[in-house]
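Just below sit the structures, each encoded as structure tokens.
Okay, so chain A shows up in both of these, paired with chain B first and chain C after.
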Partner chain A sequence: MAVSDLISTVIMGFAVAAVYFLLSMSLSLCFGVMRIVSLDQFVYYSVGAYMTYLVTAHQASFWSGLLVGVAVSCTLAWAIEETLFRRLYEKGTMFSMITSYGILLAGIGVIKYIWGLVPRPVMAPITGQVALLGTTLSLYRFVVIGLSALIYVGLQLFLEKTIVGKAIRAGIEDADKTEGLGIDIYKIFTVTFLISAALSALAGGLHAPLIMVEPEMGLKIMGTAFMIVIIGGLGSIKGTAVSSLLIGQVVAFGFLLWAPGAETAPFVIMLLVFLVRPRGLFGSAYLKR
Partner chain B sequence: METRPMLEVTNLNVSYGQSRVLFGVSLVFPANEVCVIVGRNGAGKTTLLRTIAGFLKPRPGSVTFDGQEITGWRPYKIARMGVKYVPQDKGVFSDLTVRENLELASYAMRDRDWEKVFRYFPKLRELLNRKGAQLSGGERQMLMIGRAILGKTSVLLLDEPSEGLAPTVVQDLVGTFRQLRQHASLVLVEQNLAVARELADRLYLTKEGKIVAQITDKNEIRSLAFEKEL
Partner chain C sequence: MPRWLKRYGDILLVFGAVGLLRLALPVPFVIHAVIFAIYTMAFSFLIGRLGLVSFGQPVYLSIGAYGTGIYLARFGTNPYAGLFVGVVVGILFSLLIGSLLLRLTGDYFALANLALCAVGFFFFQKALVSVTNGDTGLWYLARMSSTPILNLRQPNNVFVLALILAVLVWLLMKYIDSSVYGAACLAVKGNETKLQLLGYDTFGVKWLAFVLANATAALAGALYAIYFGFVSPASMELVRAPEVIVAALLGGAGTLYGPLLGAFLYIAMQDLVSTHVLYWELFVGIMVVLIMMGDEKGITTWLKPIFRSGWQLVSRRPKITRTP
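Presenting the complex of A and B:
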């Protein structure tokens, strides 16, 4: 393997990992705090991507498209959380899984109705190239990696330093006890759901220039995102980040070396982690089930 | 003359799915009294406290606090009203420090007066930066009660506070409860009859989800004559 291929694959792996991290973190937060399986996050991911496409197609900037994607996704998520999930928090996980799967299918249907089946390209906001050890790489990939790293640090600071962040951490451990202190846990759920939707939309918008935007893009990434959450440990930011980096590289090298391996390797890693550490790499032993 | 009830439970029936746990339970908890609920495992004592605290919904039944019906209220509202529940499992937030545990209670109850907590539990001051997971059973119990007394506290619902603690720690806790009762009503679920005997002004015996006896006579409580009925 040529050194240029190696470097290009590693950087691509990091860029993909950056997107995986944002999307998986949203799933991890939803399950960690509310104990819901929020498959509708993949709708917000697609909405983020399509809004970025829509805005850039009208000659506006990519970054404003990203913000519009976050705003539309959060509005949608707020409406869904208020009308549907509020009624499901005290029911079993299966209720949220089936309901959110319905929302995902409906979302895909709406996207197909509006934009059709044809995949749409999104131009990267930065077309520059970077020369690294004799290899030329797209600068945009570094921007995606950098932004995701910034969001990681921001999330950590939010959870460690703010009172709402501390309430979210307490809720991850035990929502009942958090409410028993006098905290309106449903408000914490709403904040968590909106943060998750924003992360999903950002993942979609940032991913759009690296892939083609299409109606079923959420379904395609769903399996990998869930595996990352399970490997990293539910509710753990650090675990999700490490797991994303691992799977990002595995997928990137899989495509370089043997394409079918890129699809199956994450499953193998998940099974291995299950055998050695059933709660995931950084999953807390204190989570109340 | 009996003091007015701070908390009143009337005809409480609670089920987990098809399995009924409480059968028409009615109790009164007067202000500034220590009421102890005793009974064997599975008698429904924890279910009773969790229902009063809002974690379970009675069908039917009612809970009245200071003259106001609070049946079916969400737990955070009941806590803010001044009815605080200290669960049995000594489950402080393990990944959070003592300081962060207290900060959350302060935030919820809008009360930053931690000196009040340190007056009862001076040791907590030294443990502020320690994570919940690193605390001993006694320290966890201190933290849980410390969190509960921030803000308005009219009734403290304590589920087996002495369980798993060393005898000296239990004695310290009994001393603390004696001080706390001057500011709030205490409702203790307790298997440790020595603690019940020392603290109780009023004792309820539970059996298979029902209240089978109420004892208010101090001599009868001290003599542990009720033990044979358990």
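Presenting the complex of A and C:
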């Protein structure tokens, strides 16, 4: 294996990890704060991707497409949260999981109705190439990595410094006690849900130029995204970041070495992690439910 | 009323009704629904008795289907032997997976099963393509040999076999309910630590239940494999993971009749929608959301009072009044 292969694989791994991070972060936030399994995040992911497709198809800028995707997803998420999820917070995880599965299915139906079954390509906004140690790499991958890192830092600052972020972290620790402090926990839930939807839409929009946009794209990424969340530990932000970096590299190297390994290796890693830590890498045993 | 009728009257009534449905409804629908009911009963046992929620049930169904399918396509021709192979493969697989995954609690268990389903789909679609033919699937309907008593090459006989097996599974569930083991299962759902303090090996209790339920799911898969005459990875898609949960909750998880009712209603809904509507996902999705707005008891809870009043109307028993 040449050094150039190695480098391009590592960069690819980071780019994949960046997308996975955004998506599994939204799942992890939803689980951490509200204790719901929110499969409808994959609808927002698809909506984000389709909106970038729609906007770039009308000759507008890719970045505005990204913003439109976030806006549409947040509106959708707000409506769904107000009407459906409000009734599910008190029930078990199973109910939120199946309901959000229904939403996911309905969302796929709507997408198929509007755009059909044909996979659509999205042009990368930056077509430049970078020469690095004998290989040429697409500049867009670096942009994805940089943006994702920026979002991670921004999210950490938001959670550490602002009062809403602190309330969200308190909600992850113990929602009941947070409510006891006089914080309207349902408002925190809504804010968290909107942040998650925005992250998912960003993930979809950024992922779109790397893959084809198709109705069932959300289902394709679902297994891996959930494995990342589980490996990192449900509800842990740091764990999600670490495990998405890990799985990103594993997937990239899997494609390089043995293609079937790319999809199986995350599962094997998950089982190995479970043998040592049944609650994932950074999962806390004190998370209440 | 003789004692046996009192004891088994309800099962005669229910499965007699299923048998009668066979006359009124198209055969493919009834076969599909009965096999799906076996699958749903297994899941309902896990969720209602053990409190174990698994989001990856299709993988256990498909392991059974592939056990049967690979046997029939590559080794033998006898469908009964295929059924047996499918169930044995299901038992071995769930023994292995159970020992790995049952150490997890609650949500981790559910999501790890989801991941298992994703990986299993990938395995049968791509990694084992030389054995399973990938998306094309294995076709062996013509290879199956005729068998003397119940010739499984005819759908009618598959229905009879499925109904018999459904009754047996139902009786097993009923027997477990009345046994000490069933009580231990319920105790695991209620408070596992307490049961451990009483000296029970809770892991063993869960393991046995997991293997029982998933071997039953594998049986359902094997029946599907024999009925359709082919297996493909489509049965393991992640989209299908929640359908058994929906069916179980629709009828009421943990009840004895609930899974039957839920399975029939769910299959009926899916069949109607997918034959008449082009974009069935949208409608099934909306139905699922509406069903989930109810609770764990499902529709049997509000059907019961209706039937009870109907029964009283028919039997006209004198009401027992408590007079001081």
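Criterion: the second predicted complex is superposed on the first by the 288 of 289 C-alpha atoms of A that agree within 3 Å, B and C clash if a C-alpha of one lies under 4 Å from a C-alpha of the other, contacts with A are read in each partner's own complex, and residues count from 1 in each chain.
Going forward, a contact is a pair of C-beta atoms (placed from the backbone, for glycine too) under 8 Å apart; a residue touches a chain by one contact, two chains touch by 3 or more.
Here the structure is a predicted model, which means the values were calculated and not measured.
After superposition onto chain A, the modelled positions of chain B and chain C are compatible, with room for both.
In the superposition on chain A, contact is made by A:Ala167 with chain B only, not with chain C.
Partner contacting the larger number of chain A residues, of chain B and chain C: C. In the superposed model, A:Ile185 lies in contact with chain B only, and not with chain C.
In the overlay built on the shared chain, the residue A:Thr93 is in contact with chain C alone; chain B does not reach it. In the superposed model, the vertex angle chain B-chain A-chain C (Cα centres) comes to 80 degrees (nearest 10). Figure legend note: chain B and chain C, brought together by superposition on chain A, show a least Cα distance of 12 Å. Listing the residues of chain C that touch chain A in their complex gives 47, 53, 55, 100-101, 103-108, 110-112, 114-119, 122-123, 126-127, 237-239, 241-242, 245-246, 249, 279-289, 292-293, 295-296. Residues of chain B that touch chain A in their complex: 53, 55, 74-76, 79-80, 84-85, 87, 91, 93-96, 100, 103-105, 107-109, 133, 147, 151. Residue ranges of chain A in contact with chain C, taken from their complex: 31, 37, 84, 87-88, 91-95, 97-99, 101-110, 112-113, 219, 222-224, 226-227, 229-230, 234, 259-260, 263-264, 266-267, 270-271, 274, 278-280, 283, 289.
Note for the complex: chain A touches chain B at residues 163, 166-167, 169-170, 173-174, 176-186, 284, 286, 288.
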